[in-house]
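I'd like to ask some things about the structure below.
A, B, C, D, E and F are the chain letters, set down in written order, and residue numbers restart from 1 in every chain.
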């Protein structure tokens, strides 16, 4: 039980994928201009990430490892991810055109959201079992969504601030992300090892 | 909170009062103008009567330049259902129907009828009214409508509409709060014409069939309350279920929704009207005007206006004809024009700064507040908002003024509406307490007018789109028809003609399906 | 004769102007600052003067670069306050370059890149402090000994010399003048498996309730804070929920395991909790704005302080907790809009 | 419709086939060299502590794995690389973990000569505070070299500690925890070695996967 | 395609549509590895290689992939390429691999690569695609190097430290120590420094653009006036 | 090696089937985005964007063919709302397309109108009334100010006049900020 809690605390706070591990930055900056969009993206990513880390676990455990072809891991995982994303995209497109428009080019970009592949690979590296893999994926996504939503709310405020012209847009957003990651250093040491 | 309530002049029971969030305590500045009794203002040489002194469609003139008019004669008829007629406030000659400066924040001109008075103040023939008790509610409303009575409490909403509730009215409230500083016209009216107010109340009560009547007065006007109590005793027989309630003086207790909350504990739903919760609220002056219209056949020709402020040597209340130029009213109270910096029509919290000194008094003009040099801290340097939240604490509607300000600043009109901009009553409490001197209300007005204009543009765009689509369809149809005609001329139908014919048929079917009007041009 | 039309209201009477607020907060800080200097020596005063100077210079420079009017902004007191609060977080013998970097980062990056007063999402003073903490952890952990403990004290000249050139009188080393802070000692010793009572008894930095000397500064800060609430410069919501949650969670753990959890009083009086509750978390610019939001915001800080102090990598968590909740403030605001008059009970 | 589905599937499968073949072929061609490279890298590390002149066996493969709480907590199994010269035990290199660093575990290589003296210590990876605890890193300071030549009784037991705790090893100003953790781990290893010296060299090899740190 | 268009593509890749500064893509590796200049250079080279190769292939097969499998097909191509390159480098250029090794798997998920495939290579023939990829890659590399240099100089007061690892031992002479006895402003090397550093670079680019835009505008105003004076 | 190739091929095949199936199962008809875009355009129908009307331009935007900064009558506001809708960065109006002007309305000097009906044919919203050989008038309420009728008039009697500001259409100006300018 504690172990699972630690996985969550670690992925969400201490080793936050975006602010500490530098994974998933592009959607973090790209889809954080509006709070509503960020919430949608957070949900989509959480769904995709959890699902794909489960699927990659299965593929690794029941296909790659038995056949001794671990060196195909990256390709197999990325394929799994791409399919999960494409599938999600089609479903969203059909069921919620608005969400689809809003997530726009970012749904396909979830594929290349390094966090997704990162989670799959890190799961293997850390020898996670099924539940751990799922939790790790979920935690990573929850951490991603948490900072994404807070970042979006901050950006809405910064958008209407009197920011010097050269800094408007991505520049001040990156600086804000930097200060956020500075604040997240406060969590370091919470989970040792 | 509980306060003592008087009924029939006797302390009867304690009545529960509620309170509203926020609000501010303001220095009253009311004594200055209550020393002298109300006096009639001198008859001006010219009366300028704007066609739009009320909410709704402007009135339409029924006189022409050169016409002689008598006092009380209709000179403009209502321009729609939500509108009010206009009457000549004195006898004389119509000398102009044109654009003239009016009291409006824009400082722009608007259509007005100008009458040169003849000094004789001759009345038109008045219909002598019977006892209101014999009148049907519908007749009362019609009389009020014909009298051009609009709400005298501020918004100028045509009074007869409010008296047409179509719902059972539990509570009829007369608003004698007069919560704005400086203004005392309602106070003086209640002191001096309590009987008229009560009679007006009885008439309105009959019109709306109200079960219960309240007269709400802020507790800083004991004389007014006393005078009304006396009057209440005088109408003993009719005084059932009429109560005078003293409410704590806290701006904006006089705001309709706030007042209803204070005396009934109920909240008028956002975007809704008091009638929805069985309440009708009128200003005390409106009641007095109703009385005069119903019992004396007098339309709304004059009102009591407070003339006060630092530049006025003799602050007081005058009974002035609608249309009197404000300069004449100021002169009548010996205003020192050398120190005069600004004139505000209305109170300091909600009034309009007059941009032009030629404007006339209008039906909703309850006060002329002069500002002398250095009297009020005028427009101090604006500083950035520090989100201190003072404004939110002061807002009687529980809005978040600072958030609305940030979005108005950024012209993010969608976001600002998420913060319920249109629930803002523009009371000014937020701006009053802002440590950074931000003209918050100005921002909300800016945003509201932009949004309204965008909606208007959207409406126009929709019409244009529809007309454009209809035209496109028509052109397509005409082309198709031409093609068929062409085809019929050449019997040896080529493939091309066949295709055109099919095309035309398809077009026709499409046009038909989309319900395009058969043939318009 | 008449002026150009402007919107109502035409009168305006806030309880305090923005400057008024800033200078009253500074006033409330002064007694504690005086005690701080009394207990920890001249370094405090030198650093305050240096920090305020740097803050004003940076503010002026940024305003000039952004071609903004200079006078109204530079006199609003906010930069002075930022500098003052930052000095409270720095060791009394902090070298000049440390103070300068911290203040400059606070004013230039944390404040002016966002547009200056009112626009910054993060508390500038805390950003300045945290930047120093992660960049120069060594310098930041060397605290002077309070007057009751110090065997040697530096006079004004020697302090000035040390701060600006790093040289000490020949017979002294920096180790003789400094030690770890009470919270740091507590954390380190607990990590070594000691018990709280053992640590409090064995280590000289501890006195009644918390660290020696620190208690006095904290009591004066508490007095200043209460005065600000009384004068309605700040609302009670943030201090109460912050200290309340900190007390609640520390009491819980203290009751469960008193030998390994410092007492609630220790938590209150040994670190920056009081300063944070009344002076830092209450920075209106970076806090949540609605009253409900403020309660959540304060409670979040209180809990994070405890979490970071007890299980995190830093001895005190106030700065990080404040910054983390600064991050959350806009989101909190979004979800704690008050119910607007005339709207149903819970409307989205 | 079915055709459409099939086309997609086959097309994707085709790409899969091509991609997988490409990678598989490359893998086939490179696998051996890569393994050799990894060995070499590890060897380079070990050689820094036990130079090639001192052994003639295949040190990288002559490994055992020890799980013993005396040496390190159970969750950190220790790998030992054994160096032999002409069949005689020469030195052992322990891949140990100092679990109590400021920010978690520190990975160390501790090389012990057969006579119980230290051939050297290196930090392989750590997460100590940059600028404070990271002075244990060879790249940052020479501190780690101060172990070379020491043994269980040089200094004596009381002095196997950082100076602040009354020992002989330097600490870094403001950071005592990190050096303390390293000193402790090294001392433990020495102690374990002195007790199990012979057993360590006679135990049968347990193959250990070579990983890149 | 004319030369003019190639020039446009190149300018767009290097400056006006720079992957890192304008499109804000490929950030993860960009921020993760730039704590030294040499790291930046290494990742830049590797990324450019993969970018060019993948653009070429995607452009070649652009007409046979269907929409529903486009994405999986592209990422599979990229992943295969990257894995193959990784294995090959590990075997034959082991020294270089030791430096770049950790970055290469990261390239698979560098969104800049898929981004280019999706937005340019699918719509264009091979040659322009390759040129575009090259320009984008070099633009990306330039940012990597500048950011790396900036963080290294501020964070540890050196430049090109570890150059020998990449270029061999002679390259040690490249290492420049800017200030002896520099304390190191750690923030620059830590994660926040990466974000803030890139933010400052973007702001700097914006500043230069605004300035040249202003100059262009004033020239545009000046010119007609001058021609008018002539006539 | 064979197993590697086979395994991945199999995996890809299965996924391919899944995607192929869902691409049909979740097929989306039409493009609601065009309607949303069209809804934001001012419907002046002036063609300044280079398309024969607002809807064609909307279609062009939706297909990615045209940028969002080509509509001068809509100006900054329309660009902003398009950017919001499509999640793109707003950019300044394309100067080649014209510039943002205050709202205008066409006015026909009726005394000189020869009744040629050319303007009626040009008006995209049927805002001109009149029959052949009779004088023509503009229904001001319905005129979008597109100026398309100005050019065709053989006797040059159509002019564009600015829409007059009056009290009902007056808008509160944006107040000055703390820096003395509008943000």
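Just so it is clear, a residue touches a chain if its C-beta (ideal position, glycine included) is under 8 Å from a C-beta of that chain, and two chains touch if they have at least 3 such contacts.
Values in this document were obtained by computation on a predicted structure and should not be read as measured data.
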Message: Spelling it out: a chain qualifies if it touches chain A and also touches chain E; which chains qualify?
response: C, D, F
Field: More contacts between chains, A-D or A-C
entry: A-C
Message: Quick check for the class: compute each chain's Cα centroid; which one is farthest from the centroid of chain F?
response: D
Reference chain A; chain at largest CA-centroid distance: B
Query: Could you state the distance in Å from the CA-based centre of chain A to that of chain F?
result: 38
Field: chain A and chain B: spacing of chain centres that average the CA atoms, whole Å
entry: 55
Message: Report the inter-centroid distance (CA atoms only) between chain D and chain F in whole Å.
response: 68
Task: List the centre-to-centre spacing of chain C and chain E in whole Å, with centres computed as mean CA coordinates.
output: 41
- line: For chain A, residue numbers touching 2 or more other chains are 69, 71-72, 75, 79, 83, 86, 90, 156-157, 160, 162, 167, 169, 172, 175, 179, 182, 185, 188-189
Statement: Multi-chain touching residues of chain F, meaning two or more other chains, are 4, 7-8, 11-12, 15-16, 19-20, 22-23, 172, 175, 177, 179, 183
- request: Note the residues in chain C that touch 2 or more other chains, in rising order.
  value: 7, 109, 115-116, 119, 131, 134-136, 313, 333
Message: Under the stated contact criterion, what part of chain E meets chain C in this complex?
response: 183-187, 190, 192, 196
Query: Where on chain D does chain E make contact in their complex?
result: 7-8, 11-12, 15-16, 18-20, 22-23, 26-27, 29-30, 33-34, 37, 40-41, 130-131, 212
- prompt: Where on chain D is chain C touching in the complex?
  reply: 102-103, 129, 131-132, 172-177
Message: Which residues of chain B touch chain F once you look at their complex with the stated criterion?
response: 52, 102, 104-106, 108-110, 381-384, 409-411, 436, 438-439, 442-443, 445-446, 448-450, 453-454, 457, 460-465, 467-468, 470-471, 521
Field: Contact footprint of chain B on chain C as seen in their complex
entry: 1-18, 20-21, 72, 76, 115-119, 235, 284-285, 287, 289-291, 333, 337-344
